[in-house]
Structure formats: structure tokens, C-alpha cells
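For reference, the structures are reproduced in the following blocks.
Below, chain A partners chain B and then partners chain C, in two separate complexes.
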Partner chain A sequence: MRWLFSFVLATLLAAVHAVSYTGSRLLVVLEDAAEKEKYGVFLGDLESRGYHITTESPKSDKLSLFKHGERAYDHVLLLPSKAKGLGPALTANLLLEFMKKEGNILLALSSENGTPSSVNSLLLELDIHIPSDKGAVVVDHFNYDSTSAAEKHDVLLLPFPKALRPDVKNYFGGEGVIAVPRAVGQVLGNDSPLLAPVLRAPSTAYSYNPKDESDIVEDPFAVGAQLNLVSVLQAHNSARLAVLGSAEVLQNAWFAEKATLNGQAVKTANRDFSEKLTSWTFKETGVLKVGKLLHYQDEGVSKKLNTSGALPENNPQIYRIKSDVAFQVELSEYSKTHLVPFVPADSDVVQLEFSMLSPFHRLNLTPISKTANATIFGVSFKTPDQHGIFNFRVNYRRPFLTNIEEKRQVTVRHFAHDEWPRSWQISGAWVWIGGIWVTVFGWLAFVAVWLWSAPAEKTVKKTQ
Partner chain B sequence: MRFLSTTITSFLLSSACLVSAASSWGFEDATLTVQTKGAGVGAGVKEKLSSSAPLAKSVKLGATDTLKLLITTTDGKKAKQPHQAFLTLTDPTTGVEESFVFSVKESGKGKVDLTQKDLPFQFLTSSKPIPASIVIGSFGSSTPYQARVFDLNIARDPNVPLAVPAAPERYTAENEIHHIFRDDPKSPPKIITLVFTAAVLAAVPILLGVWATLGANLNHLSKAFSNAPISHALFFGSILAMEGIFFLYYTTWNLFQTLPAAGVVGLVAFLSGSRALTEVQERRLAGLR
Partner chain C sequence: MAPKSRAPATTPSTTAPTTTTASTPAKSSKSGSSSAPQDILTGIWNNYVNKTPSRVKLLDTFMAFLVVVGALQFLYCIIVGNFPFNAFLSGFSATVGQFVLTASLRMQTNPENSKEFEGTSHERAFADFVLGSFLLHFFCVNFIN
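On to the complex of A and B.
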């Protein structure tokens, strides 16, 4: 009950001024306008969070993701349609092009309607695999809703997902159970670091096609936690794509429905989950922003730093090898309405690379201080004993967070002629210095003797 | 454990509410055999599995062994074909799961074969025994069955290299790199330096001593200064000054301070030197040298 209250409170607060970091134009692609009713609460929630929703049918002539070569919308929500194809405005190529221009896509699949061919080839391109046969569903005989699917076991009731790894922040956590009715399971390719599972099927779940004749599952598409019910991709340009295995998750009918899990009455928290999923996909959460980046020669004395946000960065262009350098960067995270100081997950660190071709230093940045909406991370180090053109590089890529790649180029010069230790400070040089002094003294003595010496005794001369 | 308790509660609850839901899935007549390739029939390990308690000792699966598991699935007391009958292996360290499907006939008799070739590499490299559980479930109201039935101990042939694929790239914090600096240049021990410095400095008294034995002296100093005091003083002074300029160049001056000073002192040395040397020549012509 408490989560419901806090959620209502959050929604009320959010209604005032929440909006995505990148824009509020949302295109909802829905074939049948009558179906819109089913998603009424969900779309109402989005609208109250500040999105300007345009609903279009894939068949509509007016539908285009681009206008004058630029994105016409910031986000797209693709709801399942009965048609096999989505028409010329929503080809896989155009959807990828939309992502290349940093548009975000939420893709809702449904096992009742087949997956359109353009969506199929889009997912294939991204190394997300879904069952090829229409109608395949994920079932689990252990975690199903015995109220609505007592016989078919295809309405899964799952807890909110936990953090993917200990060093990854969880943007999808919550309390309660999520009802996932008749989901299309996805299997993610193992090679891409851009893909991440959000909601995994439980270990006893499997995907099968009810149209199969056999009474026993013989060759399931995928089994257990390999099956994802919700998976996401974040491209190199931080454009986001979320694949939701079951569009019914977003429907009013499941938003706060009474269900029975293993004999216990529960209430579904789909409204909370769909809020979390859309706010991540449409960049209300998990968006990082780099503020001021400072580096300076650490001279060991207190120096007034250019930390004001109003002034431009004024960093040195050149450093000497083996000199002490301090580095600072401000990182903020966008959280629904405003920027807050970014705090990495517990076992995660932001790292600085000082690199020329390859990193010479890769150092963990530690939070030094916090401003109202940024954490200042910093580290001090000694420039390497190699001159050249170096970069201060912060390349921070983590699942569910937008990518940060910041570079500042500096020259690292070698010692100037007057920065070396003097020869008398080097004990090995004393012999040579002594030799020079002996020569100087000998020369002066020679000049004096040559100028002023009287001839030696005659006797000596005679013997010669 | 928690799962068991939930199953029990759910069992109790469902039996309390619905009489028809009392049945639950399970299995009986489960035999596990491990057959080594080449060994005779019946030579391998043979174990009976129980649906209520896991096998006490772990089952060893060698490189050429085939594990064969025969079960009869039951719903309640009756043998029946379920929709799902999996043998699920879970690696305790990495959490990798792999399920093998029993091919169950309508009579409820099911079979699964397992060799090392069927297993993903995580299982082959695991040091701990791998828990194997049987999952039986089907549509309808019967309670599904899931329990650990035995532990699989995989004995790899250490002579056969295992192709472990490179770990796929994942975005995470990387290891720190600290630049390793070259060593500073080193000087020899000070005592050696001091000995050789002393040897070099000793050249001065030796030189002076040798000159003295050869009869070098400064006896004409007063004569020279009485004949041409200014040029002698200036000439020797300019040579001293030139050394002083070199010393200053060594310590503090730069080239642009050194060159004009050296020019001035050099001119003085040139002019006064010709006079001083003329005086020396006069002494030689007078037969004094």
C-alpha cells in the first residue's frame, strides 16, 4: 500500500513538471484507434508527465518519423498491430535512422499479433532474437497468475528486477509484482555490450508455441533466465530502445489488477513498472551530463580554481613531463525533473585515462565534493616521463547510463634546458668539474709564469 | 528452502480451497546410469533417484561418459505426460543455467542423455559440483515439481585442452593503470667520486712543483710592472675577468649577457695584451729572458 501511496504522490509531483531530458514529442503508433482505450491510463500518465502525444496509425499517409531531414518526434512507442508490415514510414532502416538521430523507441510486442517484418529485421540487426513463429508465448508453471490463467499459465507474475550487476544502478526496481501476460521472450546476443536485460524470465519458464501439436515441449526456443521479457539496447549515441515482450503490460486491465500467485492474493504493480520503463527509455532517468572539466598544475599551494559554471574552462595547454597535475570533472544525473549529483553504483568508479594512443594512466576518480546538482570527481597524478600529445579522457560507459566521452588534449613537453638539476648537484660530475677548475687555475698560472718568469740559473742553461 | 515452504503453503492452501487441485507432479522409478565408452553394458554407476531427497554422493561424469536418466513422471499417483520435464543444471559460481529436455512418452516414461559435449564450458571449468534439479510441470492446476536430485561432478580429462571463448565485452570499470617511470639516472658512490676528484685536484700542486723544479719564478714581476704597469695589470686582469665571465655564464648568466661582456673584456685583453707582450719582447731583446 505504501508503494501505491508514494507512487501516487510521485505521479502528482511529476505531473507538475516532469519531462524527458531530450524532448517531449512522443509518437504512439497504434493501428486501431479503438485500442487506444486499452492504454488509456498509461497514455494519461505519460501526458501528465509532460509528453505531447501524437497517435498515428501505421497505415496513415501523414506518418513520418522525420521532417525536413530531422526527427519529427523525440520518442516513439510502437504498439503491436495486426498487419504483417508496418508500411513505408516505419521500415527497419528508418527506425535505425531514427535512433541514429538520437530518438528513443519503446517497442511493445505481442504474441497474439505477429511481429511485423520491419520490427523483426530491426531486432535481428540489433542481435535480439525472438521466436520466429507467431503465437509463441512464455509460460511458467511456477509463477503464474492462477486467477486469470489457471489453465494456460501464460500470465507470469514476477517481482521487480534486481540490479543487473553489483556495479550497475537499478532503474527498474520497485515493490510488488509485475504481471506479464502472454509475453514474447527475447534472447540477447552475447557479443554486444550495448544490450542489457531488464526483466528476465524465472528459471523454470520456457517459450513454446501453443499451436504445436505435441503434448510436451521438445525443443523450446529458450529456457529459464536466458529468456528476457523486457530487454533494452542503448546505442553508442545513447539512443535507447526498449523491447517489451508483452504490450498487455501497459494496458489498463493489468495496471492494478488482483491476481493470485501460488495461492496468495497479490495486486499487480504494472503501472509502477511501466512508469519506470518509459522514464528510462524516454530519458527521464539514467542521463548523465558533464559539467565543468578542470585540470591544472598541482603546485602544492592553495590556488583559486576556475570552478564557476559561468566562466569558460581555462585549462593549461601544456604540461612538463613528471609534473604533478590535478584533474576534476563535474558529473550530474538527470532525474525526472532536474539534475542531481551523480553517484555511481557501490562497486563502480568513474575513471580518468591520460592517454597517447593507449592510456599511460587509468585512475579511479574519487568524489571530492558536491554542488547542488553535480558531484565533483577528482584525482591527482604525475604526468608520465614521455613527451607528446596526450588526452585527459573520461570514457564512462555503463549499462543503463548514457555514455560519456570527454577528451581534453594537452601537450606534454620534456624538460627545458634550465629545468634539469645543475651539474654540481650530480655527484658523478664532480671529477669533471674539478678538472675544469684545475685547467682554469693552470692556465692562469701559466700566463703569469710566461709573462713574469726570470730565466733560470745559468748553470742549468749551460748543461743544456 | 523458501521455495519448498511456498510450495507447501500453496499446496495446503490449494487443497483447502479446491479439492481438485490436490494432485501434484512428481516422478518415480528414476534410474541414473553413467556409462563409460568402451566399458561393457552395466559396468558403470547405477543409482536410484528419489523425488523427495537428493542423492547423498555426487555423480561423476568423465570425459567419455554418458549420463542416462530414466524417469516416470507422475501426476498424483498416476503416470502421466507433463508439458515440461527438464533436467536443469545450475553453476553455483557463475549462475549459468542449462536445461535438458526429457523426451517423455505418453506413458510418462522419460529419458535424457548427457555427455560432456552437451555442456557449456562454464560447467566444465567449475570447481564445485553442479547441482542438477528436475523440473516437472504442466498446464492446469496440478502443483509443479522442482527439486535438486543429485550433484554432478565433472571430471575433465586434463590432457585435452578446453576451448574457453574470450569473455565478451561488457561495459564496466577497468583495471587501473599506473605509469611505470624510468629509473632516475644514478651516480657512482660518492667515495669513488671524491677519490678521483682529489686525484684530479692534486694535479695543480704537482704542476706547480714540477715548474718550480724547472726554475719557474715570478722574479720579473716588479720589472714588468715598473715598465708597463697599466698594460700588464689590464692584460692579466682581463684574463681573470674572462674566467669570471665564464663562471657567471655557468651559474647565472645567459648567452646574451655573456657575449657583450666577453667582447669588452676580449678587446681589453687584445689591446693591453699587445702592449704587455711588447714589454716582454723588449726584455728578451735586452737579454733578460
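On to the complex of A and C.
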């Protein structure tokens, strides 16, 4: 009986773990049920990864992102629809509200269907700009698939993206080429730090509307690497939104298709890429978790630390100025099925701030040790010569990683009256110590002489 | 200063300026001041040595000693810096406070002031002085930590 129970538990755990970090309820918004066939393999992949997929039409009365004021789904996949609007259940406001409640959205655009107005205003709100005219596609005369788009050059074949910056981890890398047919290019606003490009168009690409009759493209929407074929946004609450320029990337027809790039036969790796994109968007990768946070007075002797996750944090509330303090934090990264020790990108570090209004210390945390599923980062430092209410603060915000903002408040007191060094321990004070004792002994000598010299005069004075 | 000091001065010194004022006032003042102040100072000193009671002399010696000790401490503070500032404060104020207490003892025990301090006997003044000094030393030693 017992083995049965543990077996059931293990399978349940596996089922629970084999999905996103935040939940497995996925809503696929698809207007035409017949279209579902086109995405069969993609949706099958998601299901096999443990998502519970609900497919709804935007016109459906039952469709609602919320139930009793809470999210009814954890993730939303918006596939393009022919209708101009998405109905009352999917307005831009509701989609934003969904993200405010930490729901993730994967938005697939299509140049064949116009972008619904609610999606348009949502993207505008997030500072992602798409061409306003229906049918504008990204064209490249160098990196196109000559099998399927020999004339139109609108099926782009691109390698997997590299890391955005050297200090950012790459969650979208892979082998092979991605076919991006008839994509809607996006331009990211400069002001938002939350936006990040995933797949950029090559420098020879440009956005072009085939309905334009003119031979020369005048004033294109955007050109070159300005154009993003896939871009993402991660909100402050770590809710994720991915904008995929071409929904066709997810279709069966392109998952493992033979294509020709500059005369060479290649096979598209869209299945791999869509798996990477969805697993990032639906929080299977790039999710950071803060474990135990420790800080303690560093007294130079090794002591038993309260590192067990089962015990509550029991950190001191108060420190003295100019005392040695050690800090440790456990960071884990969720990787598809389980938590693994978090390792920052090569030229990146996690930092600790010891701050009162502004940081007095901003220190690099170094990995001290690793447990089965967490890296322990730590640093030792001396509290500043300033008393007040301080915070141990770890504020780690990087593209593609969920934000970490952890604070522990402590009081930093000044020296107690008996903690100051005694006067004779400071050699500078010796002269003044001498001064006092010379005065005292001089006074004693004076008193002695005064009393000794007294009688004769005293009697005289008394008689007066 | 000159008219004041002239009054107690001895007769030979007064004759010298009167003769020289007629001829050259600038020169006379120089030659007169070089000899007169010395005489004045010695006069004051002699007066002090002869007329002051021995106990007041003792007080004055002690006060001079305190001034020297205090000045040395202050000089050290200027040259080396005031790092343990409480040490400087207590060391320096010990001498200053002792000086003030001794000055009040001198006022109360000086026979010339006996009219003003008729109510206080010398023993009483001295007891006050000892008590005040004890307190002062206690505070200074505490404050220097």
C-alpha cells in the first residue's frame, strides 16, 4: 500500500513539476476551431509539457480571463483572428490587468489578418510599435527561403539569437535556422527598460507593404536590426509578454520544413524555437527564487548558521556601527522541471546594497557554495560609521530573468558607552591624562603645603 | 600706561623725562622707556615680595603652575591635533577649573578682601575649595574615560 502511495505521490509531483513555475492553466484564444489543426504539433508539445489547455473563441460568452476577481488562467496564448476586435473579454485593459496579476501572455501577430484594436492599444501602452497598415511584412532579399518565397522574399531564415549582451543569459539559443514567414516587424521604444528584443531582423531586412504599388519603398516603417521579429516585455512584477511577429512560426507547416537558404538546403528548427519561446514566456525558464537570507555578526569564529530552509529566518535585528557583518543569500533558478543553482552570466554579478535611503555599501556577492538546487552567495563587510535604520537589499533585475527585490531591515546603533576604547588605549590622549594627574598631584602638594604653612597666620587671622 | 606707572615711580626716573622732553621728544621717549619699565617692574616685584602674605604667594605659585600646565596641554592640542577630544577637554578643563577654584580661594583668603568676606572664615573657604577640587577631579577623570 505504501509503495502505491509513494508512486502516486511521485507521479503527481512529476506532473506538478513538469510545467511552468507559476501554473499550468493555459488559455488559447483562437477564433476558428478549424485553425487549431494548423497548430496541432505546437499545442501537443505544450500539452505534453503539462499544460492544461483551454481553447476559446474570442466571441465566446464564457471567455473571461478572471474568475471571482482572480486569474482564471495562468497563461494566455493569443493567436491571430480575422475579426477586428477581440470582444469585451480581451480588451487592452483586461489584458494589462491580467499581467498585473502576474499572468503571462504570448501574442502572435500575423500580417494576413489585421491586428485587433485591443492588441494594438496594448502594444502601444507597452511602447512596442507595429506598422499601422494591414499586410505590412518584413522582407529581406538576402536571408529568404528560396523554396517557398522565391519571388516575394518574405519568408526569412534566421539563425537562433545570440545573447543580448555579454552579461545576459541566453534562453533562446539553439542550432539550426528559424523560418519566419510574413512577419510583422516591431520597433521597441527607447524609454522602457522592461523591453528586450529576442529575435532581430538582419541588417538587410525592411518592413514593406506588398499592397504598395510603387517600385521603390519610400519611408519604410523600420529597417535592419531596428525591426524585431520577436520581442518580449517583463513587467516589474515579472509578468511576461512575448510578441511573436509571425504566428506561422508556430504552425505545423513550418516546424520541420525543408527550406533553401542561399542555395543550401536547410531544415527549419521552428519547433525548437517555439519551445524555447513558450517555455520562457510561460515561466519555465529564467525564473529566480530567493531562498534563505542570512545575516549575522561576524565574530571571527565559525558558528552554526541557520541555513536550513525548514527553520524560519532568525537574523539579528540590531548591529553596531563599524562592526563586521556577514551576509548570505540562496538563489535558485527554475529550469523546466526543477530548481537548479543559479549561476549569473559571465560578466554579471549579484550585488548587495546596505542602504539607508541611499546605499552606503554596494558589494558584489560571490558564490560561496552550492546546494542541490541553490547557489549560496555571500559577502562580509563592515557596517558604516552611521547609525540608523538600514536595509540589506538585493535588487537584481536583468533582462529575461525574473526580478529579485529582497529587503531585510535592521537597526544600526552607535557605540554603547562601555564600547569605546579606554583613554589610555589611545596614545594621543596620554599628554592630557598626564595633564590631569599633574594637576591632581600639584593640588595635593599645594594642599599639603597650605596646611603645613598654616598655624602662624591662621591664629593671627582668627584673632582678627 | 605711562602716566599711571609714573605715579609710583621713584624720583630719579621722573627727572630724566623732564630734561629730555625739551630737546627731542621722539628720542627721549625711547631712552626713557628702556630704563623706566625695568624699574617699574622691579618696583612691582619688590612690592609684591615684601607686602604679600606667604599664603597668597603660595596660591599665586600654584596658579602660575596651573597656567603653565594648561598652556602646555593647549599647545599640544594645537600641534598634534585634538583627536580624543574628550581627553583634551578634560585635561585642559582640569587646569582651568583648578585655576578658577584657586582664584576664588585667593579672593576669599586675601587679607585685603577681609571686609567683603566677613561671613566666611578661611577654614570654611578652604573646605569649599577642597570639596570643589574633589568634584572637579572626579568629573575630569570620569570624562577622560
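General remarks:
Throughout what follows, the second predicted complex is superposed on the first by the 414 of 464 C-alpha atoms of A that agree within 3 Å, B and C clash if a C-alpha of one lies under 4 Å from a C-alpha of the other, contacts with A are read in each partner's own complex, and residues count from 1 in each chain.
Everything that follows uses one rule, which is that contacts are C-beta pairs under 8 Å (C-beta built on N, C-alpha and C of every residue); 3 or more make two chains touch, one makes a residue touch a chain.
Please read all numbers here as calculations on a predicted model, not as lab measurements.
Counted by residues of chain A touched, the larger count belongs to B, out of chain B and chain C. After overlaying the two complexes on the shared chain, residue contacts for A:Pro193 are found with chain B alone; chain C is out of touch.
With both structures placed on the common chain, the touch criterion links A:His141 to chain B but leaves chain C unconnected.
In the superposed model, A:Leu124 makes contact with neither chain B nor chain C. When the two structures are aligned on the shared chain, A:Trp420 is found in touch with chain C, with no touch to chain B.
When the shared chain is aligned, chain B and chain C each come close enough to touch A:Gly428. When the shared chain is aligned, no partner comes close enough to touch A:Ile368: not chain B, not chain C. Residue contacts after overlaying the shared chain place A:Ser453 against chain B and chain C alike.
Of the two partner chains placed by superposition, chain B and chain C are both touched by A:Val440. Overlaid on A, the two complexes show chain B and chain C touching the same residues of chain A, namely 426, 428-429, 431, 434-435, 438, 440, 442-443, 447, 449, 453-454, 457. Note for the complex: chain C touches chain A at residues 53-55, 58, 62, 65-66, 69-70, 72-73, 76, 80-81, 83-84, 86-88, 90-92, 94-95, 98, 102, 111, 114, 121-122, 126, 130, 133, 137, 140-141, 144-145. Partner chain B is touched in their complex by these residues of chain A: 139, 141-142, 146, 150-153, 165, 167, 190-191, 193, 203-204, 206, 208, 215-220, 223-226, 262-264, 322, 348-349, 351, 353-354, 359-364, 382, 384-385, 397-399, 426-431, 434-435, 437-438, 440-445, 447-449, 451-457, 460. Considering their complex, residues 6-7, 9-10, 13-14, 17, 81-86, 88, 90, 95, 97, 99, 101, 103-104, 106, 135, 137-141, 144, 146, 168-179, 181-182, 187-188, 190, 193-194, 196-197, 200-201, 203-204, 207-208, 211, 214-221, 224, 232, 235-236, 239-240, 243, 276, 280, 288-289 of chain B touch chain A. Residue ranges of chain A in contact with chain C, taken from their complex: 420, 422-423, 426, 428-429, 431-436, 438-440, 442-443, 446-447, 449-450, 453-454, 457-458, 461-462, 464.
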